[in-house]
């Protein structure tokens, strides 16, 4: 442990921001690329959009971990969320067309379903003291199996038919603002929801008593216990919240911004749950930082896509690795994120 | 005939030991198995998926569909085996070949991922008939079927190259006639999909030498979101038509087309039919009739006519096994020049006047 | 005390498997399939015939090696989630080495053995080196190894695919596969007529487990490593350099993962291909190791259990029309319950079926 | 008791019994604390003091017995119930969240809110009011994170926290263990202030003097039973000690005159940084000779830990050098230093000195794993290790429940004896002993002191760090006083009073010249 232990969220965020600029600038200069073609408003918009599911899951995950439970099963819960949302929207619409109302219902149900599933997970990890890493991996395995399986039961194949997604909302005048207008005021309401949830998560964590309890539960559960607050109740709440948020992230992916559920291979979630974990660690457990890190991933992904579009001569199978390599580079450079002291330790008051 | 018997015995030597102990009177079944189809009993067919699995809305589903069609016509019992782990193919193949209950008359293997394993197993189980899709193994009991991806992609390029400088408007979706920019979204950046890409580019250039093609790869065949992002990026960069070769993930391309109010070209099946929600943006699809291929082999086995399908079969424009079909909704609005160009290039390819880059199997460099 | 806990782990393994199967059967029945048939096929697929047993043992071999790799790291308190990636690069190293050196060495048994030894050595070297990266990053940059190893899994898969497809694909082939290894580079099947299982492979895996158990229990290095895992501060107090130990542990773990890759390349695949189409041994291994309480010898029965589930699952996939994903889900449930011994302890206590008072 | 005077007791425990499995931690304990008084609870390690108080605080439910507060019987199922009844507890190990600020810690669990958010302003006001009333300086640190504070302040934060929760009765579990004499005095003032204002205190301590000074009444626990309650004013140390241990205890250690030999360890201008990269040792010079005990007195957190860790090789140095037996070992690894004869009794026996879930045999190997006969060519000889563990257990009077017991199951004193035994049995040339008797009962303290002096007499050098000044004074041949990373003075133990040491430790110079002899030089 070193001085970086005290790297505060601001520093991390600034560091990450600088790094992105540096990488983008560096690549652009090196390859003598026209910056205008590389950094388009559309790419920025897509980066924001790509950040949404990651940020949502990350915020849930960081609450759980802040309170002492490492929910490594985010990826699995996202799969369940993606499936539940698509299934609900498609079943609710019956033979008819899927309307916006069906979609929102789907999103709501996905959140509820995942919250329910996480109750089981929370019971196993908190009450029955399951190993958190393995239980989380198991959730992933279970989701990879039962997710597509349920799809087969519903649709006769591992993927849903194509579904519409949530309409963008254009705010009349504000949308005319040059860049920002298109980015924020002519976009999916889910982006606003995510921005709102990010801010709310920050306020709750750092400005309300529940936030204090969450922090205490992960850092020194006994202190919280002796202050008369039930540690495990706090942990149940955060873990269930993390499942609900991952479910929301999955729902956003399948019918919020996507076009239904794809269940082949590692499913359409395709590692975003893992990235979400990385995102909140990057963000040093700060919801705003986590959103920033999710945005970084979105940006790295769009960067590699933009590079392909512009036609630079790197094989696709290599540029796709950009986000992962970026994680390693940033981790090596910015390094340490301080884990809450009691993560992974089940808490018991009295035997 | 003697030859055949020897080979059979030798090959069965190991396998039969196990089977004998497993019992259930397979002795007779074994002897007659190869002739089963002809003698009017039920024909048993197994189909093993590629790593993409069934439900890919691409060749796994198409191959299956062909067999299902055949099963409606003939007395065929179909066993669907989904295996997404390539290292299991050797085992799955031999387990199926050794199976006595049922004794499979034909095992269909989807995609080249099976090639290496089949090289061993085709020899190991000489009495077993195999159909391999998208590759071939030189053995008397193997029917290799490859569709000319490159030829149909060339045609897709002709379609896109023709239209990018023309006007079109359909339900609010338009083309920009002022520039000649089109896009391509591939699944995995490898030899197979590279053939789609390069032939597509060649096709577009055949129409318009100055055409600018934006290319992007997803890295897999499942991530619709990334497909969408790549296509959007290309539409941003001025592309007005994007062709995809990304199986299930390709949906993302259509979605991006709808958002950008541009057009796209589908792949494998007529996607304006299979994905009616995207009819309004699907200008056409590069289609290969894998279903006809599997149905053909199934029929040959039922009718005991193996020789007609055995060996390598490359099916291209000439055989009418691949083509570009125009979209259900958009197609009627396309100018005649499209059909003319498609027909002209088809004749030139069949006649050898155009050399399409790469081969049915992929690009070899 | 020790015996009781071994017995207890065994009971828990059995109980969690049974519970998962029961749940799976319920789901099978609820989805309108025949549950009895499902379970029968699972067992038959795992142990019903010689070739089914061979398949089970083949999976066991792989899970045993990867499980031991995981166990080494976990014992030292390092979460190596990257066994999959290390296994992938290890196998790749084997294939490259064998293909590259084959022209320079005699063919036949001598050449085969030599090539296999060299290929295996290369795998262990590369697997170890690849694992050392997150080790170094943890030791010297405080980078959380759970994250780095997950990232390196993605990277291993992507880079190996690229290399195979663009540099090792033989002329005229379209599949992203390398050339086949020479036919004499293969382990003989002996009693099992299987082309992808060899008793020698299983032997290597068993021997590895025993050697690792010995190293952990009877050598200074093992004591240092295990002590670091139990209580890092006490290990440092006892003169163990924590940074070096992290790097060494990861390297050691990665070497075993690399060995698994070599077995996979030589015994099972016989060539190399797109790693994203490979089985997830490295992930399943985490469950295997945990089930064995990270004890290298305990990994043996645990690997057998999961190997059997794999084989049975595959058999179900092509005999019943139960979708294959269902089997994957049931395996996931087994893992979930295995992670939760306390559930069974409590149940045991409540029903009076034993389980220690703690 | 009649109902009439029942109310005079702030808290009454009647017949409390608490078992952990087979261990009976408390057995029929009665305790009555008068309102507005300080009631001390003394007893050896493992006597059941903490358990009894945890029962009172609702952490444990008693197997038998009742609790009444102000004459009213109560049942506590969680600390919340106890807090509501006006009982507060300050644990041996502080229950503070390191990463949160002092203010957040104080209000944790009872945050005032307005509009859903924590009302920082009103929280601040309330806390300030408490600090003003009792004269605490805690309000200066309200926005500082706890991890940046010294133990003394942390303890006061704990007290404020309890008061904030409206504690009428406050339990202090070994509050003086980590304080300087000045801080102890300050604490006693605070305690007096609290009782003056009608609060009642239960004060747990091992130190009999403190009990007699600060308390009104003293209850002695032994083996989970209350052996008696005495008036502080009329009892004696001897009486208390006999009640605690069940036999007579010697208080004086024979200090034989020794003649120090050659220089064994030479520290030159040593600079060391801590985990946060702050300089904690800022240029220390010292010499330790064979057959000499150098004691280091100082308030914890003034660089002692870092100095010690640098000496034994657990922390790299930032500047300066260390030589041992004439060889420069500044860059030598911890392992080499162990092998060359530097032994270390660590400050933290739970985390460093023992692996809690290892058996004693496995723990006997800790630090010895490269030494003959335990290791040969990389391979371990477990039977040699087991024999060695048995030797330590016998020679150092360690009392495990059985020889295969895990370290965690030993009482603190026994753990400490095992560690001391393991380190000394290696026959080192130099021993660094850090708080070797912290939390250890009187019987074991005597034993450990004897062993250390015995080693010194055999020509070994000893560096002793302790927060107990009496211990430092008794054992040392010279005392270096450490303040803010430097030796501010080196004094002769026979010529200095605890009072003067205390002043030196807080950076002041004693104003009277009793410290005498111009013994001012900082160089050693």
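Descriptive notes on the structure:
Letters A, B, C and D mark the chains in the order given here, with residues in each chain numbered from 1 onward.
Note that in this section contacts are C-beta pairs under 8 Å (C-beta built on N, C-alpha and C of every residue); 3 or more make two chains touch, one makes a residue touch a chain.
This one's a predicted model, so the numbers in the text were calculated from it and none came from an experiment.
Between the interfaces A-B and C-D, more contacting C-beta pairs are found at A-B.
With centres taken as mean Cα positions, chain C sits 34 Å from chain B. With centres taken as mean Cα positions, chain D sits 47 Å from chain C.
Centroids built from CA atoms put chain C at 29 Å from chain A.
Across the assembly, chain A contributes 1-2, 5, 148, 152, 158, 263, 265, 315, 317, 320, 351 as residues in contact with two or more other chains. Of all residues in chain C, those touching 2 or more other chains are 158, 161, 165-166, 276, 323, listed in ascending order. Pairwise chain contacts in this structure: A-B, A-C, A-D, B-C, C-D.
Chain D contributes residues 21, 313-314, 333-335, 337-338, 344, 346, 348, 351-358, 365-367, 369-370, 375, 378-380, 382, 404 to its touches with chain C in the complex. Residues of chain A that touch chain D in their complex: 1-3, 5-6, 203, 207-209, 212-213, 215-216, 219-220, 222-230, 338, 340-341, 349-351. Those residues of chain B lying in contact with chain A across their complex are 51-57, 61, 84, 183, 186, 188-190, 214-226, 228-230, 232-234, 236-237, 248-249, 251-252, 254-255, 275, 277-278. Residues 27, 31, 79, 81, 137, 141-144, 146-148, 150-152, 154-155, 158-159, 161-162, 165-166, 276, 283, 286-287, 290, 323, 325-333, 335-336, 338-340, 342-343, 346, 358 of chain C are the ones that touch chain A when the two sit in their complex. Contact residues on chain C toward chain B in their complex (touch as defined above): 49-51, 55, 58, 158, 161, 165-166, 169, 171-177, 180, 193-196, 264, 268-271, 273-274, 276-279, 314-315, 317-319, 321, 323-324.
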